[in-house]
């Protein structure tokens, strides 16, 4: 089965009997073959129902629009669904933002080159430092150096919006250490994934490794989450951890942490690109 | 939602379009509400399709037989399904077999008392040692001491079959160190889950911790699997591991291993009791 | 090498050249054979040095007092050491405190019976519930039911102190859900180890699993720490974690958490009993 | 403390009383300050004793040779030690060998550039494929493309020996899929570290991910080990694992495995470079 005729149907609605029957019968009658399907209900009585169905339909390129129209009319409106169809042949455009650390940035570029990122295209890299330019250009990706300072934060954000708005489907903060204003997030109007270098909700904010060392924890972690207005409080997509000991100073924690951060961020980005993440009351459902 | 009106429908058949539509429409029309559902296809083209659907149906006690008959006639026969319905109110009867080590045996009894084992009843404990009798009787469970030796293996197995056949739905080898004959397994005719104290397929057979120490591995593990005729080669249900170092002697590995073994075995038994395990070509599908 | 002639020397002092030479030469000249030794310096220049040396000395029973006196005079006073000698033949007396949950309490009792707890003796179990009495008495251990309420907290603590003071070397809070007053801790005057059912410093205080579920974390954990005046803020001895998903409700987190809690608490207690834990500025050094 | 005056003393000998006293007194009298020290005895009675001591000595550059001579004469010969001193200022020269997969190769080059590899210099990369040339040259490292075929294996190995012998201190097989002859290993005469893409001793040899999928394991792993004549049987330095499920096909296992392989290999190479690995009877002691 090639990607060309593959699509994913994402649905959420109030839980009620007959949802799966309605969706699967619709797809069957349309001639589609379900490849995989996962569902979740926050509560079978009065909760919210979530569905991700991946299906194959011959000649999907041409038949997609009609299929969407029919689904909307015949199924979605009757069951009051929020829904969208995502075509596997459709390429998601990514922008990566990074400050000084390069490990998450380069790791994503590598995975992209190695075709690990589901049909994505990295269309731009933005940094408040000039240092990654040669590395990024080796991947054929435009690099924008936009310095930031307390004075010109608004200017910097405006320049970034010029580059991003309308040109990207996802922004990834690959260890970007500047706080983005809520005005910026609103104008950007696409999802933003951040990697925070702690096991949230522990050590929200700055210098988490110093504070982990200070508190004497025996395990450190990293957390990938969607960015919301409140710092480090958005829906968590993925987390992982590594064991440390009293012998590990802050520099050791940073080194150990780099290996966790890049894997956690890559998993979160991949989940998002494959349309596996649905958000429900500041929590994620990962299919 | 109480257990009384809950059931699980387990299905496997050749993959083909329309399976989910057929099953979900049948359940919807019968008035059932799907609580959760998971599916897997070994290959969308020509593979085997697996489905586990948990549903709620009012008055299931009385309506179950008719529902099963209708499903067989209207859905299963048309799609050439292997299937079974499992009622959450139905209690699965367990026998636990153990040799000298008590950690897996007592752990399962505890979890049973703490209601962690889905609707199970431990109906008997059999050991080739008398040592666990007081511990087991404290749980109100009959204890059978059946010594084994090379001479009387057949006799011992016959005595065990007397106790087990017809009285149990699952046998758990909770560190039972005797090899069961294929004749025994055949007559027993219910699934048998074993915990092997290594990360299979490494260290099949006797003394895995000694051999792990000898080989100098940095991680040890445990494996829960269905018992088949070939030693330690049955379908793997669950595995887990723990880090060790050159400082850990065989006694340390055994101690560390005990904590892995009991958790891995408990997870496997729970998966089985909740009808989450389907077997496909000597591999398990865990829903 | 039997336990009878084994001892551990625990040392901390300002880091300076010659500490290891002084200690090891003293032990060598006294006829002792070093079995294992571990050291740590918080900073080779101006930091604190920690040492744990396990040694064997024939006839240690009789020679111990003189050895301690000589070490104090010849080595410790010159290098301004804090130090203590701990005899492996010396039994540490434990009291276990538990509220309603039994998994940590019973797990420690089992490990004790299985000789996993280094030379310890569980001398009493105290609970604010009567429910564990039969289980505990099966291990031959006295059980004290001391109810607590907001009115009589002082009375309850006084009764507990009557039982504990002078009779125990370590108190373990095996899911004891009452906050102990700083006055109680001061009068008790022995170390207290608590198991907190979260990955500290996340979810300090009550209902950590509810809050973990609320926050949507993908991993939960447990933390064993020494109890200090400030709630859940004492030196962390051990932590571990387990992966969870959006499908896991609070009851699932509690069930999964039980398996983490008991292992983490057992490791922390074992480390303490083997004199492997040294405290430095609210952090632990684990040898 | 800078690297310039740092050294590590590695010792192994028959265990006997007085070793630590002899070494630490010698270093103290020579004016050295011990920074860290770790020791291990395979058996306090009749076993082998291992020691790694890191120390600081002013003007070590000039005093090193005399220190080594004195240690040999005054301590090592008396206690029949095998020993060596390793200067932290001394740079270890690495050659990396890789076949088609690039993830381990590039990961090591990155870590080298990020100064994560203790004072190492990557002096050459050899591959039986031409494909990594541009990537490797971006790091300023010479790249040698040496094709291999069944006919010319001896020729290929001879060309590799020309490049390596006398020029490297460590060879790293960063997913190099050719088996090296024992003659090659003998002439090379420096340690060789390999990353095997399975949790050894499971799945020795070719296609471990296919075989892991076939066996239905629930966890996959990777193993870094020293290369010996016998395939995949050398002393294990480091292992790690990741959880997989029935949904993961061979391509998924390969993708998940890449993240394990590169971290495990990097840890093993780092341990080696920091002189933390001692070999004892086909097992490693990791300090």
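A, B, C and D label the chains in the order they appear, each numbered from 1.
Criterion: a contact is a pair of C-beta atoms (placed from the backbone, for glycine too) under 8 Å apart; a residue touches a chain by one contact, two chains touch by 3 or more.
As the structure is a computational prediction, the values presented were derived from the model and not from experiment.
Chemist: Could you see whether B-C or B-D has the larger number of C-beta contact pairs?
Modeler: Answer to which pair has more contacts is B-D.
Chemist: More than half overlap in residue numbers between the two sides of the subunit A-subunit D interface, or less? Answer same or different.
Modeler: same
Chemist: If you average the Cα atoms of subunit B and of subunit D to get two centres, how far apart are those centres in Å?
Modeler: Computed from C-alpha means, the inter-chain centre distance equals 42 Å.
Chemist: What whole-number Å value describes the gap between the mean CA coordinates of subunit B and subunit C?
Modeler: 37
Chemist: What positions in subunit C touch 2 or more of the other chains?
Modeler: Within subunit C, residues 40 contact more than one other chain.
Chemist: Touching subunit A in the complex: which residues of subunit D?
Modeler: Touching subunit A: residues 102-103, 106, 110, 114, 116, 138, 255, 259, 263 of subunit D.
Chemist: Given the complex with subunit D, which residues does subunit B contribute to the contact?
Modeler: It is residues 40, 199-203, 215-219, 221, 235-241, 245-247, 280, 282-286 of subunit B that touch subunit D.
Chemist: Spell out the part of subunit D that touches subunit C in their complex, as residue ranges.
Modeler: 1, 17-21, 24-25, 27-29, 31-41, 44-45, 56, 243
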